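The following pair of complexes shares a single chain, chain A, combined with chain B in the former and chain C in the latter.
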Partner chain A sequence: MKKQAPKSLTNKNNGTTINARQLSLFLAFFLPVGKILELPSLLARGAGGDLLLPAFLGSLLEFAALCALLLFAARSEQSVFERLENAVGKWAARALYGLYAAYLLCSSALPILDLEKFSHAAFSDTEPTFFSFTPFFILSGFICTKAFKSIGRCSDLSPALFLIPFLGLILLSVSEADFSSLLPLFEKPFSSSAKTLLHALPHFPAGGLLLPLMSGYKYEKGDAKKVLPAFGVGSLLFWVFLAVFYSVYGTTAAREHYALAKIAQYFPALNWIGRIDLLLVYTLTIQLFFFTALPLQLCTHCVCKTLEKPWQVLVSAALNLALFFAVLFLNRHYDNIYEFFTRSLWWVFLIFSTVLPLCAPLLAIKKGGGKASTKAKKEETQCTQKTP
Partner chain B sequence: MKNFVNQLSENRKFLESALPAEDILYYAFSSADGVECFLAYADGMVNKQLLGELAAAPLQVTALKREKPQEDGTVYEVNAELIAQTVLFPEIKEVEKTQDALRELLDGNTLLFVDGLACAFVVGAKLLPVRAVTEPPTDVAVKGPREGFIEDVKTNMILVRKRLKAPELKLQMQRVGRRSDTMVCVCYLEGICNDEIRKEVENRLKKIDIDVIPDSSYIATLISERRHSIFRSVGTTERPDVFAAKLAEGRVGLLVDGSPIALTLPFAAVEDFQSNEDYYVSPFMATIFRALRLISVLIALISPALYVCSQLFKIQLLPLGLTLTIAESTSRLPLSPSMEMFVVLFVLEVLKEASIRMPKYVGMSLSVVGALVLGEAAVSAGFLSTPTIIVVAFSGICLYAVPNFVETGSILRWLFLIVGGSFGPFGLTLCIGFVLYYMLSADNFSMPLLAPFAPMTRSDLKDALVKYDIAALSKRPTIFGSKNRTRMRVKK
Partner chain C sequence: MHAKNTVRYFLVIIAVILFSFFSNDFNLINVQSTAIVTAIAIDRENEEFSISAQIAIPAAKSSSGKSDSQGQSGGSGGGNGSFASIEGKGGTIAQAIEAINGKTGWYPKLVFCRLLILGQSLCESNVFDALDYFLRGEYVAHDCLLAAAEGKASEILAAKTPLGSTSSLAIEKVLSDQAMRVGASLPNTLREFSISYFSAAKSGYMPIVKKEKEGEDEIVSASETALFIAGKQIGKLDKRETFALACIKTPLRLAGYSVENEGASNTLTVKNNRRKLKFFVDGDQPKMEIKLTMYAGIADVSKSMPVEDIADIGDLPKGVLSVASEQLKAQLNGLIEKCRALSFDAFDAIGKLQKYEHKHFSTLKDSLIERMQVSLTVDFEGIR
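Up next is the complex of A and B:
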């Protein structure tokens, strides 16, 4: 039988699709970049040498949310929002979009504040003013105007932007690591780890990001076999970083904020060849920029969906401007804001990034999304597969 | 007058009024039976000797009238078929419309008018001044063919046809430019090229409304989706072998009359890092060359900015010994590191621009004066430091490892320097992120600029930065959406 030639790219890419490979790369090499900034220090503060335990639990929550969303995607050819619109009505879907837009806007503040502090630690010998950070909002504004296909393409580049510098940094820092610092295991009570996890929930955003992101994803048979292991790879890389981080810094780890910038600086050869580890950090930071702008990008999408207007540029400008002023103000009260997010708002993050994604499969069951719809969806996806 | 009339004098009057130019010449003569004729041609564009021997001479000895019996007696009329047979040119055709005839005349063809016929014969006696086919100066290769395109579109078409002797090779002519009436040849391999892309190219060519097309770069700009982008969206080559290979991959090619630079599209950024020579050497060497080119470009773009950042914002970037050496040479300079870098880079750009425009021998002395005397004097006088000159010189050399990227690279280097000097390594990283995101979200003729990396197309990665063995490239690239993907059948 003659093999069908692959379809042209010219007429089918509406800019909103993301395929299984891109989703896998997103989970493996895009998502972990946000977790290695301030989270290691936060976990070490709460759980000490047991920091891997809350990290594992956090990843488990994300895994559960991911499974639920994949289950939903496998059962329904529509996105969660479209399904909700069909089940409850247009206004319910728009309300959910609005709620997610608000959540994503709020949740983007913390990574931006972290990025600002990290930029001071990694990029300058002196303490620069906040305004030296403002160009980030230009990049973020630009990213927000782009469709989901850019997130997918960004994920395709993530092995080069994340994995190579990450492995380089780990290799440089592992020589100074004392892994016995992690022992004995379970030194602290479980409640301490659980509490640490709750406070660290803003740093486990997978479910909250994936729910809107997966509206541009069409499930194909066998995708779960690629996507779930990819998430495992991402989690593994995160745990490796945590282990190396605590092994390098030991009991002082809790005070080592933004350790990414300096974790490899103790490598002996750097005295002779200069801080080439910083070049790896800078490369990784490019990925970090894209990750930090991601909630705002998704927020822009949600706002446009709520308003039912294609006002990406306008919404992006408004959101970034608002966030710029917010961060400008919040920057002075960083510690308080951090405390507020981690101690008081953890339940909001739990709802949006775990509970709601976990509820998603219920929508598919309610409207009878079973095998028939999967088949219909399969036919549809055959036309769009390989679309970047 | 839309059509010619059967009176010779009227037709000549029309031509003289429509083309009142001194280089349009007329040669009048009579046939053996006294029928008046004249040839009209543009001086210098026609092979006059051949025209005389093969057109005028045979007509002068031939009786052109034939008898035509009618009810009221026999009449004589000019035999048009006989004229076509008498004129010994293989290219001869009749035109009745004046506009068509004028276009042919201005193209370099000769018009033959015969009294009593309401048409003109277009005689293909064109002899345009064209230069010889030589090795292209901008695309030199140690191994591989040495032929390059020239300014004549017909010669270029022959060069392509010579390499692709396939009936599937289609060469479709379009006219662009209200006044230049430039011939643009759309080349593609039917059954291999994506029809949607080809139609889109043809549509965009039709939409061009400009008076003159001096060069193919005009066409490249006018059919681009992002005209203000610093990144190219149309591939260029001066080599027929590269052009033919790109057509065989499924691309559409454009040959523009008057330009030796052919266009290929869709274009992916990775093409800049590929050279025709990569396909004539071993895949290992080709991969090393490509890696070298990429590293060279990265060094060229980032090194000036990173040097400034290391001096102003993050001293740790350099080892202590080197920092002290640099500090020693820069301690008495009147300029800040960023300003100094700015000046040296400016001098480099001026030298580059001047040496391209200067005559060859003056250019050589300019290089000596500029690079050696000026540089040495500036360092001795304490205006500039040696490390800065080294960084800029190395950056300049590195950028030329990828000649097609020089324009874009120069702009990016300035941008990175300004941003890096103002915002430090953070600004530089941010700027690189911005450029990267722009590139990954950009499409050309629906093909991603960063293909096959983003979106990743695994099969196409075999001929991206890493070059696989030719046997591994048995399929055409997926990204062009070719209908026929089999390029080679490997017999085991």
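Up next is the complex of A and C:
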């Protein structure tokens, strides 16, 4: 582990960094919101009552990627991309940025399509026009021009935006939940759960998002003790949601899309006082908008790095306009697109969100030294401490 | 300079978003061009579905408080609007609903549909031939009540009942939570019925609604229960059997239960019921233990009693509790044997076998209902 640098320098949030607190909040309360929309029905479809098993395995993959990236951050002052540039050359770093830009662009397609369908199903009584979803691209265009500091700030707000409505929905749902629906445990063969996980990999994006995001993060001693449990909290909330969702819907859970909007709708009092649970759903949707725009924001960053130009506004406008038209077209082929991403392209998601982050610590190994030179680190720290 | 530009960007974005938002009328629906369906009756005629939808017609109140519009096609007026019954036919439910759209020009909106009545002809085939439509739709409430009609469902929905201006609302009352708590009926929702249909047992139930003559008027009752296996009706429970099943299935509150004791008719008020069902496999013998405790006070006796005996409703006439226990036990035994004869899983034994005795599931699931030994303990306890 590297020596701790003075907090006044490394903790300074100068627009390109995200600190440990924000990273922890991101993992605990920002990341799970993307998993409680379409993923529960997808897992129920593949694994039935065993849906917690692929969910657990998926979280385990994300945890492994997070550990690898934290290990890398602990061993290196530089980001993965900078390290690659030093080790192999500028072209390699630009190529990786380009690949991640393409990956993030592709990985944003499913969440955007889901969000569009969800907003129509949850907030409209009949099928509205696609153009009612247009404001998302305007918001996304704005978010994409912002630096990583904005992700940190969103993470700071996430406990209030996520936790309160999430717990509210769970409380409203529990009265209708029959937890024995989850029994028997491990009824289906393990291969079934593994297959379900592979097809659900696009919904476990943590590794793919964190690799570019953590280029704006400086590791400090003890950060792992905050960040890893925070990820555990996020995963636990996700598992609780899955358990309650399946307990409410039982054998019909597979067809209940947009679990977020439906989990609490059978609370008995809602028959008389109306769908007040939608207030909680609205609140979570605000965060869902920001979560859905996150891959695009990171994609914009990666494109700018690939081109080596500070063209965030231009790139953001181009990306969002292109996506707007793409979604307009893809919308008609939703099932085919979903099938293509989850059945045919799962290995792409595995590579970018798990394999590449797991390889990141290899870049932190110095030739002949194993770990980064302690002496160099000490000298570096002494220099930093002398700086007024 | 940078901060100033950011504020400008924000203002422009807010203006564009507001424009997009307002240009869409907040995504609201024009109620004048929308049919708000409150109940649907479905019948099957050969291979064709015939549906009858009860549609609420919103109408503005005039200054005198009277409704500005009246119902159409046999609708009933009153309140702030009226109801109309429109029929549609088609090879699928969706086609039949589209037919309503074609007839009226209204887009049928099912999100407020609270009741689905299935005709006898439909119940003889797999009811999910029709119900799948409602499960598929994102704009249909899955907690709507289900009921099987005795005869044609459309006739039940067209019934003129003195209990309410609209038949669907009157039917909803006899299928309400309150009716369930007093054991008068065993209501079920589309969601719960679907969960049981897709479970290993495939056994489900729903109340039977039928018209009964009440003097010159007709009322709709739902005191009988239709039993389904794999979506097809295989039998029905009468009023007493329905109450017996309700004692096991639902929490009762203030349910009336009458017994004959020492030449007098005694009506008990069941204030609470404690239900314990334990399923296990002993060797290869499946067993179920049912323990039912009914907490009841006396509501009335057909013979007058001294004032000190009617002072406390918990002070029950001698022997009435044991008579009530024996009577309910006999009813429950009759129910168990009837379900056994029909291979109907009334107490979710197959579900329990799958969840708690999974190693025996593959060998016992097909013969479980016939082979299962049921031990029944029924107790009535007095409560004030």
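Annotations
Quick note on the criterion: the second predicted complex is superposed on the first by the 352 of 388 C-alpha atoms of A that agree within 3 Å, B and C clash if a C-alpha of one lies under 4 Å from a C-alpha of the other, contacts with A are read in each partner's own complex, and residues count from 1 in each chain.
We take it that a contact is a pair of C-beta atoms (placed from the backbone, for glycine too) under 8 Å apart; a residue touches a chain by one contact, two chains touch by 3 or more.
Please read these numbers as outputs of a predicted model, since none were measured by experiment.
By the touch criterion defined above, A:188 lies against neither chain B nor chain C after alignment on the C-alpha atoms of chain A. When the two structures are aligned on the shared chain, A:278 is found in touch with chain B, with no touch to chain C.
Of the two partner chains, chain B and chain C are each touched by A:124. Once the two complexes are overlaid on the shared chain, A:45 sits clear of chain B and of chain C alike.
When both complexes are overlaid on chain A, the residue A:226 reaches neither chain B nor chain C. In the superposition on chain A, contact of A:152 is made with chain B only, not with chain C.
For chain A, the partner with contacts to more residues, out of chain B and chain C, is B.
Once the two complexes are overlaid on the shared chain, A:250 sits against chain C while remaining clear of chain B. Contacts of A:290 after superposition: chain B is touched, whereas chain C is not reached. Touched by chain B in one complex and by chain C in the other are residues 123-126, 128, 132, 135, 138-139, 142, 271 of chain A. By the touch rule above, chain B contacts chain A in their complex via residues 194, 196-197, 200, 313-320, 322, 419, 423-434, 436-438, 440-441, 445-448, 450, 453-456, 478-479, 481-485. The part of chain C that touches chain A in the complex is made up of residues 9, 13, 16-17, 20-21, 24, 27, 29, 34, 107, 109, 111, 135-136, 138-139, 143, 177, 191, 194-195, 198-199, 354-356, 358. Within the complex, the chain A residues that touch chain B are 5-11, 13, 19, 21-22, 119, 122-126, 128, 132-133, 135-136, 138-139, 142-143, 146, 149-150, 152-154, 156-157, 160, 271-275, 278-279, 282, 285-286, 289-290, 386, 388.
Looking at the complex, you find that chain A touches chain C at residues 121, 123-129, 131-132, 134-135, 138-139, 142, 180, 183-184, 187, 249-252, 255, 257-258, 265-266, 268, 271.
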